[in-house]
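Each of the next two complexes has subunit A plus one other chain: subunit B in the first, subunit C in the second.
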Partner chain A sequence: MSLSVITMNRIVIIQAFLFLSFTFGMVSPAFAGEPQDQLRQTTDKVLAILSDPVLKSQNKVKERRELILKVVDERFDWEEMARRSLARHWVQRTPEEKQEFTHLFKELLERVYMDKVEGYSWNKISYEGELIDGDYAAVKVKVFTAKDQTIQLEYRARKKGNHWLVYDFIVEGVGLVNNYRTQFNEIILKSSYQELIKRLKTKSTQN
Partner chain B sequence: MRRSIVECLLCSLLILILSGPAFGGPAVFGGFPPDPAVCYQPPDPPLILAQSSRSSLKEEEREFEEQADTMPDPLEPINRFFFNFNDKLYFWAYKPVASGYKIVVPEDVRLGVKNFFSNLTAPVRLVNCLLQANFKGAGNETIRLLLNSTLGMAGFLDPAKKELGIEKREEDFGQTLGVWGMGPIFYVEWPFLGASSLRDAVGFTGDILLDPKTYLIKSLPVGIAIRTYDQVNDTSFRIGEYEDFKRNAIDPYLAKREAYHQYRKHKIKKR
Partner chain C sequence: MKKFNIELAVGLFVLAGILCLGYLSVKLGKMEIVGGKGYEIYAIFSNSGGVKEGSNIVIAGVEVGRVKSIVLENYQARVAMSLPHEVKIQEDAIASIKTKGLVGEKYIEITPGGAEKFISPGGKIRETQPSVDLEELISKLVFEKI
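So, the complex of A and B:
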């Protein structure tokens, strides 16, 4: 009888300790740090543009897009995304090629971004925490769209100067730049870099 | 006197033996790492990120720089053939049918149907939670099944989520095999069923054996019809997603394969 009580007590104490260590261990990253603050500023600006009634009319679509892309431009590191999408093929390119590729890839990503921003009604965005590891950070965001639907999104950012710049988006474990990287790598290996550029160019004229 | 000393010794020995599992707590689960998420999930959302099992962001990025982890694909020509088949199937069959269905049937009803089918497969999720030693998930699925089958009118409503905030745990046997340490082996694109891997195909067979529909519906055509209807109803919520995905990909087949790979890895890790 007393034996089981002792064991129980011990388990309870151990659990209490575990519990405490978990909570303390987890509290520190919960404070909104720099990366989350900066990202929130950008997102709030985009949402403000989206909800502006003046910009909602059909003939303002182009103007609204330009405004959004201008805001986003300051927060996204296009060159870093381009570099990561080409990975080991990046170093083999000349500066001119790098510039051309970055431009094409930026166009593609802007379109992906606009699809997501215009295509869904962003009812609410909640910030689900962030992780900072030196110059790298991950910010988790939950987007509430239509009825009963949420999208889990994770931004990856890197610090450059005073700014945290986004270099990848991860939706349900699937990284956007990472996904392009596999596509680009296999296209380059099976045909050539020139073929990839050709396909990127046709893609940008298609849309 | 001597007796009490012996008793005392025996007692402390017993305490030591009995308290063993308490100290080594998570070791009871075998080779699984002691994941705090299994035992305790904090209600406060900002804490979620901190408990992810990621060792270090920097480390992950370094791995990324070195080499990409892609899914082996020895069957690529066959897979690409069925990818095109499924693509046509979507645009020529599922999409038009689901679009018409969406116009005729109100959203609440479609959501009810979705919940109903999902509730039917609760045993699959429950068993897989148990197989992954995810007892919290198993408990959640049990509560969901009992509550939604009764108060939720045979599963059409989801009071477990609405009222109690208990979310569904999307677990399947493919993930269980992944948790047990099995890799995807290679990519398989099935006609009608879509993206899979050899591991997940084995898992799918296991899940069919756990699915009550398998035993309730004796006739094969009826079974196929019901599963197709489930698929159409599901598609009615997701029209436009595949189009977006395809539009943004340079090689949609590769994009799908890798997205599937990363998504499954994520789900297995999340547990």
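So, the complex of A and C:
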């Protein structure tokens, strides 16, 4: 009798142990997926705005854009992006110039990518895993379009407090920061920083 | 005595020949004897796209170093690069794999960043871009048209 009690106890302990290890086993990958989770939340919010029938009418275009921008703002580190794109020339700028440049750079990206985000018929987004290295992370995403094409994206994010903020993204192996870094460097070396600002400003007034 | 002199001369001549040959093979093979000067950093690429040991490392079109080794690590390519001490790489520099011309050889281009911190010997270039598969891109372009 006492023997069976002992074995029963043992079984309960083993079951509890198994249960615990199982739940902890479940918890840890979700914990490791922090950058991916945060990115997914942002993407889901943007998709929700895009598919909202109330916001789809023509006169709501501006309102919808502002809503999307607000969501994206929370996830993107514009200053870091601008700093990385300007690279060596960033250090030589005054704080006011840095602020102005960040603003213009953000406007440029908005113009370039807003149409793409709004116009795309995103069928499905699958998250292909992430790599975390200290305060840095890379999240791989695959986008399936309505035309059955796949686009490979990779987000690079950096941890600031509790948030993972995106500072670069790579579309089909072509990086955003690297692209602008080369272009800005060329313009600055050929003419001047002022010329770059002038160009960015004329571009923003074109729209 | 005379015979000894001739043998000595021939011996010296052969020795000089061997030394020249050694020098040539080291120079032409672009090998480095005893480690060479400089330091080593590495980068992880999702696709090394055919970069080989000895491929060039280029900054602003100037050859600054060479690929020392490529190994598979966690199904990604870990590329070790050796660079001279006077070439410092910023922490936010970007290493990308490029092709000379359309079908030319592959090389690694480093676009310098703006960070104040430099990568120390043995450190890692965090930002990398894999080689762009032109064939794949063209096929995507072709299929979109249909």
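The criterion applied here is as follows: the second predicted complex is superposed on the first by the 175 of 207 C-alpha atoms of A that agree within 3 Å, B and C clash if a C-alpha of one lies under 4 Å from a C-alpha of the other, contacts with A are read in each partner's own complex, and residues count from 1 in each chain.
Here is the rule we use: a contact is a pair of C-beta atoms (placed from the backbone, for glycine too) under 8 Å apart; a residue touches a chain by one contact, two chains touch by 3 or more.
This one's a predicted model, so the numbers in the text were calculated from it and none came from an experiment.
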item	value
Subunit B versus subunit C as contact partner of A:I187, first or second or both or neither	first
Touching partner for A:Y136 - first (subunit B), second (subunit C), both, neither	both
First, second, both or neither for A:G119, with subunit B first and subunit C second	first
Which of subunit B and subunit C A:R64 touches, first, second, both or neither	neither
Which superposed partner A:R75 touches (first subunit B, second subunit C, both, neither)	neither
First (subunit B), second (subunit C), both or neither touched by A:K203	first
Which of subunit B and subunit C A:R84 touches, first, second, both or neither	both
Partner chain(s) touched by A:N178 [first = subunit B, second = subunit C, both, neither]	both
Greater residue coverage of subunit A in the superposed arrangement, subunit B or subunit C	B
Set of subunit A residues, in rising order, touched by both subunit B and subunit C	84, 87, 133, 136, 147, 149, 156, 172-175, 178, 181-182, 185
Contact footprint of subunit C on subunit A as seen in their complex	83-84, 86-91, 133, 136, 147, 149, 156, 168, 170, 172-175, 177-178, 181-182, 185
Residue ranges of subunit C in contact with subunit A within the complex	47, 90, 92, 94, 96, 111-114, 116, 126-127, 129-133, 137, 140, 143-144
Residues of subunit A touching subunit B in the complex	3, 6-7, 10-11, 14, 18-19, 22-23, 25-30, 84, 87, 108, 111-112, 115-116, 119, 126-131, 133-138, 140, 142, 147-149, 156, 172-175, 178-187, 196, 199-200, 203, 207
In the complex with subunit A, residue positions of subunit B that touch it	11, 14-15, 18-19, 22-23, 25, 36, 39-40, 42, 44-52, 54, 56-58, 61, 64-65, 68, 70, 107, 111, 237, 240, 244, 247-251, 254-255, 258-259, 262-263, 265-267, 269-270
